[in-house]
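The same chain A turns up in both complexes below, where it pairs with chain B and then with chain C.
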Partner chain A sequence: MKRLPLWGLALFLFFSTIFSYGQKKEHYYNVDKEVTVKGTIKEIKMEPLYKNTSPFLIIILKENKTETIFNVEISPVWFFDHDFHQGEYLVVKGSLYTSEENVQNIIAREVQFSGQTLLLRDKHGFPNWRGGKGQMTRKGKRKRDFS
Partner chain B sequence: MERRKGANDQEGEKKKGLFVKKKALFLFFFLPLIGIVLLFFVLSTVNRSYIKTKVEDLVKEQLRSTAEILKTNISHYLSENYQADEIFELYSGEENIYYMALLDDEKNILGWKSQFEGYLPLSRKTLIEKESWVIDSPVGKIYNFFSSFTAPDNKTYHIYLGYSLVNLEEMMAYSKRNFIILFSVIAGIGIVFFLGIYRIQAYYMKKEKETEKEKREKERFREISAFTSGIAHEIKNPLNSLSLLLELLQKKSPGELRKDVTQGRTEVQKISRIIDLFSAALKPMNLQKEKFVLKDLIEDIFESLRRKGFSMSVDLQYSEDKEVILHADKGLMSQVFLNLLKNSLEATEKGAVRVHAKDHRKKVTITITDSGKGMSDEEKMHIFEPFSSHKKQGMGVGLYLAKKIIEAHQGRISFDSHIGQGTSFSIQITGG
Partner chain C sequence: MMADTLSLSFFQGATDNLFQNMYAESDQLSTFGIYIDKNFSGLSLFTEGNYSYLYKNTNLSYYTQDLGVNTLYTVSEKSAFYFSLAGRGAFYQADYADFNYLSINFFGAFKTYLSQTSIMKSNYSFEYKNFRSSVFDHTSHSLMLSLDKYFQTKTTLKGEIGWGYKNFLHPYLSEEPMDTETNSPSSGGKGKHNPYRGGLNQFIIQTQSKGQGLQVFSLSGLIAQGLGSRIGLQLTGTRQWSLSGKNPFTFIEEFYAVENPSYDRFSWKGFRIGAQLAVLIPWNIQLKLRYTMDNKKFPGIYSSSLEGDSLGILRNDKRRQPEMSIEKNFSKFSVSLSYFYVDNDSNDPLFNWNGHFFSAGIQWNTSCGERK
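And now, the complex of A and B:
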């Protein structure tokens, strides 16, 4: 994964607090629109997506068969310790929505890479990084999965 | 062999009977306990379940009412041309509302708000089925409510809400915890109480059995005593006649026969003494109680033993914390101490035989300790049994009689002995 310099991260966090976020109509985990996409990482970004939360890791994923580009919303960067890198193969399970700019977006629930699985949300889309009864075993995984 | 087998079978049956009784007794106390505990459990569970259902219904009813108020408010804001996102911002302080969404008549989302990033568990499949439902989440149960309303512009809208049921869950958890504590306490007290009653009952049943057995044995002993006393009496008369005859014969017999006749007379006298001891052992105790000073009695016995040459190389010592007065049959008690002291002196080659007496609240304890050879385990097992002497001389009734006399005084006699270290007899008896 391309690492941001420290000053870059600080600047990023500063701007992330002053910008307004406004939740887009379709930008929620829609359980009726779950898809599984397999592809390779084209680009890695960090973006402020929700109000009062730290920046999210966004992976630009190119699907292998159709070469469709997806913006995959992973989680806050502190939630896992894996360094994603360009060209890495991923299997993403999540909720698909198309933005007004006709961009395909996926809110990821589960990410598989190098034989590991990163559980990000439960079956209803509840984010695993938001506490609850489970305890972290390793970043990105919990003892108790509600899905 | 057959007889032994029969006896073993009988004992086995007896034991089995006792076990069955014990089991029945245990069940008699244990089953009511289980019954009470189960009844409490069932009643509490039904009660808790009823209260839980009622509380849930109340909470849901309250949430439904809140939703109705919310619908009215939203309808009002819509009529004033507020956007959905603006309306939801007004409710941002509502901690119990995890998420809410406004949908148009075709159930397309116009706006939504959630306390958790991207979390809006709205599925069209669920909407077809019901108006309200509960889902599990890592932050507890969430009550979902979906309802439609008509705004002043005559358009139909739907509102979708997710309420936190954390407070209800906490209340239920508190109730469950209290139930478990109460149940454990009641079960614990019940177990202790019933086990206590069971043990008391079992103790009294055992005592009753022992008393019954003792009574039967006493009865048997009385019968045997009467029978053997009769035999002893019948033997004693001819023996006396025989002794007199031998005495006459001894006087009139020629010199070469006199020695044999004398020996015969000695043997007859020996048989007579044995019968006297036997009769004494069987005779029921008729206590003639009086008050006397223990020290005087012991000193008299010491003197008597010294005269008989018992205490040549062994020192006889008496000590007491304060003057001890006994209220007992002096003659019989004298026999007890004489027997015990004679035994101690015979077992001790050198050293001392000590008698110590103490009186604590009219309970007198007299200890006779020697520094003799001590007793083997085999000797200890039969020490108070009649005619079981390990000495070369003696009938083996001394300790049997001592025990019988002490028990007739409602006292107790016990001993402690170690090979090579000596023996100590202890008598507990009521003081005067």
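And now, the complex of A and C:
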């Protein structure tokens, strides 16, 4: 088997660096690091997080007990379906990871607020949201509900 | 090519007033659904099929298929656009075949955080529907603008204005009143659809030139109060005015399970108020209790006696609807139960009715995408 020449390796590393510049390291849902955090929304924003997906809704949450700040990754779609505001109280269940910048992040699996629950992922971390029609539901009352 | 999401659903419904009029008739409905989507670089393709089977009125059973693409585009950290283009086909059994249609719908929306506690949203929707019975062919345009504000008391105030225009493309087939065969009785044995008023149950197209377009304008308000994460209260109200045009049919009615082009949000003026209590009860079951009141008048539609004679008064329906629903989400599927009661008080005696409506459903979701 031919060995990759040294210049080839250097070229590969160079282009890998160029193309990965500006992309965040992708994180996966770790079921062993699930936490539940109760807190208040400090800020809401949209950020591109992953390749080939719509930008994510990110909620900056301050835990009420410890005042720790968490970046909570909600989903790419709920931005339109649910109107979150600064000051709202949420209970978030999800997988915790610490970024390279030492920021505490939670990939949300379940969010509770005002008597409602959003189930964003299954217990293994696979997304529950619909990429298509579920976003801006034209459903209203479903016909099958006899309305 | 593997889908990102696959969702299967089954809903079972039952009612004692399928046709929503004074001659209450019971029936049951089973609906099977499948939904699939696939994402490509921020674009999402989706398709959904639903088959609904009615047990007594089997000739009302139908199938719908949706196919579309949508995308979300962010302008900044606080603002985003959403666009969707979708087509739909609805295919009814023989008795309702005139309601078969193909449609295309464009939906564009914009949402922005004016501040961290205030959101502005607007959207525009265009739809074209082509029916087998061409008198129902129409286009419609809708515009909406809303603004909300969240207060530290956990209270949300929201105001919304809406405008809509629906244009029947050719509702007048001739100078003489003519019947369409739309509502011919079904052959489901007991389940004859609306065989009332001595056979005057067809849609009779108005010959007077009332205009082909219906234009409405609405104002809505909402007050919501959160009590921790487990309780939410909500009060809503909508007032709708008819700006121009009248319904081009001699009478209109709601059909259960059949999307009736004569009865929709463009056909009435009046108001609706509602209250909702949402509670997370033990085992994280979502319980919702709602109460809604409507008062609707239908421009161009005059009430008739049961014999079919015009009473000379504009049709006016007043409706009260208490409702209860529970939903439990499990890791891969969710189950739901709902019940509501409708008491419709109309000055058209045929539409003086009440009914009980039950439904139970299960939806199973699986994601074939990545776990990130």
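Please note the rule applied: the second predicted complex is superposed on the first by the 100 of 147 C-alpha atoms of A that agree within 3 Å, B and C clash if a C-alpha of one lies under 4 Å from a C-alpha of the other, contacts with A are read in each partner's own complex, and residues count from 1 in each chain.
Rule of thumb we're sticking to: a contact is a pair of C-beta atoms (placed from the backbone, for glycine too) under 8 Å apart; a residue touches a chain by one contact, two chains touch by 3 or more.
Small disclaimer: the values here were computed from a predicted structure and weren't measured.
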Inset, instruction - State whether A:124 touches chain B only (first), chain C only (second), both chains, or neither. - result: both
Legend entry - Touched partner set for A:50, first chain B, second chain C, both or neither: both
Inset, instruction - Considering only the touch criterion stated at the top, classify A:32 as touching first (chain B), second (chain C), both, or neither. - result: first
Legend entry - Which partner reaches more residues of chain A (counting touched residues only), chain B or chain C: C
Inset, instruction - Scan A:83 for contacts with chain B and chain C and give back first, second, both or neither. - result: second
Inset, instruction - Starting from the residues of chain A touching chain B, keep only those that also touch chain C in the other complex, and list them. - result: 26-29, 50, 53, 122, 124-128, 130-133, 144, 146
Legend entry - Partner chain A, residues of chain B touching it in the complex: 85, 109-114, 116-125, 135-139
Inset, instruction - Under the touch definition given earlier, write down the residues of chain C that touch chain A in their complex. - result: 4-5, 7, 11, 13, 15, 29, 31, 35, 37-42, 44-46, 48, 50, 52, 66, 68-72, 74, 76-78, 80, 82, 84, 86, 105, 107, 109, 111, 113, 115-119, 121, 123, 148, 150-152, 154, 156, 224, 226-232, 256-257, 259, 277-280, 284, 286-288, 329, 331-332, 334, 338, 340, 355, 357, 359, 361, 365-367, 369-372
Inset, instruction - State the interface residues of chain A toward chain C in the complex, per the touch definition above. - result: 26-29, 38, 43-48, 50, 52-55, 76-77, 79-80, 83, 85-91, 112-117, 119, 122-133, 135-136, 138, 142-147
Legend entry - Residue numbers on chain A that touch chain B, as the complex places them: 22-23, 25-32, 49-50, 53, 56, 73, 107, 121-122, 124-128, 130-134, 144, 146
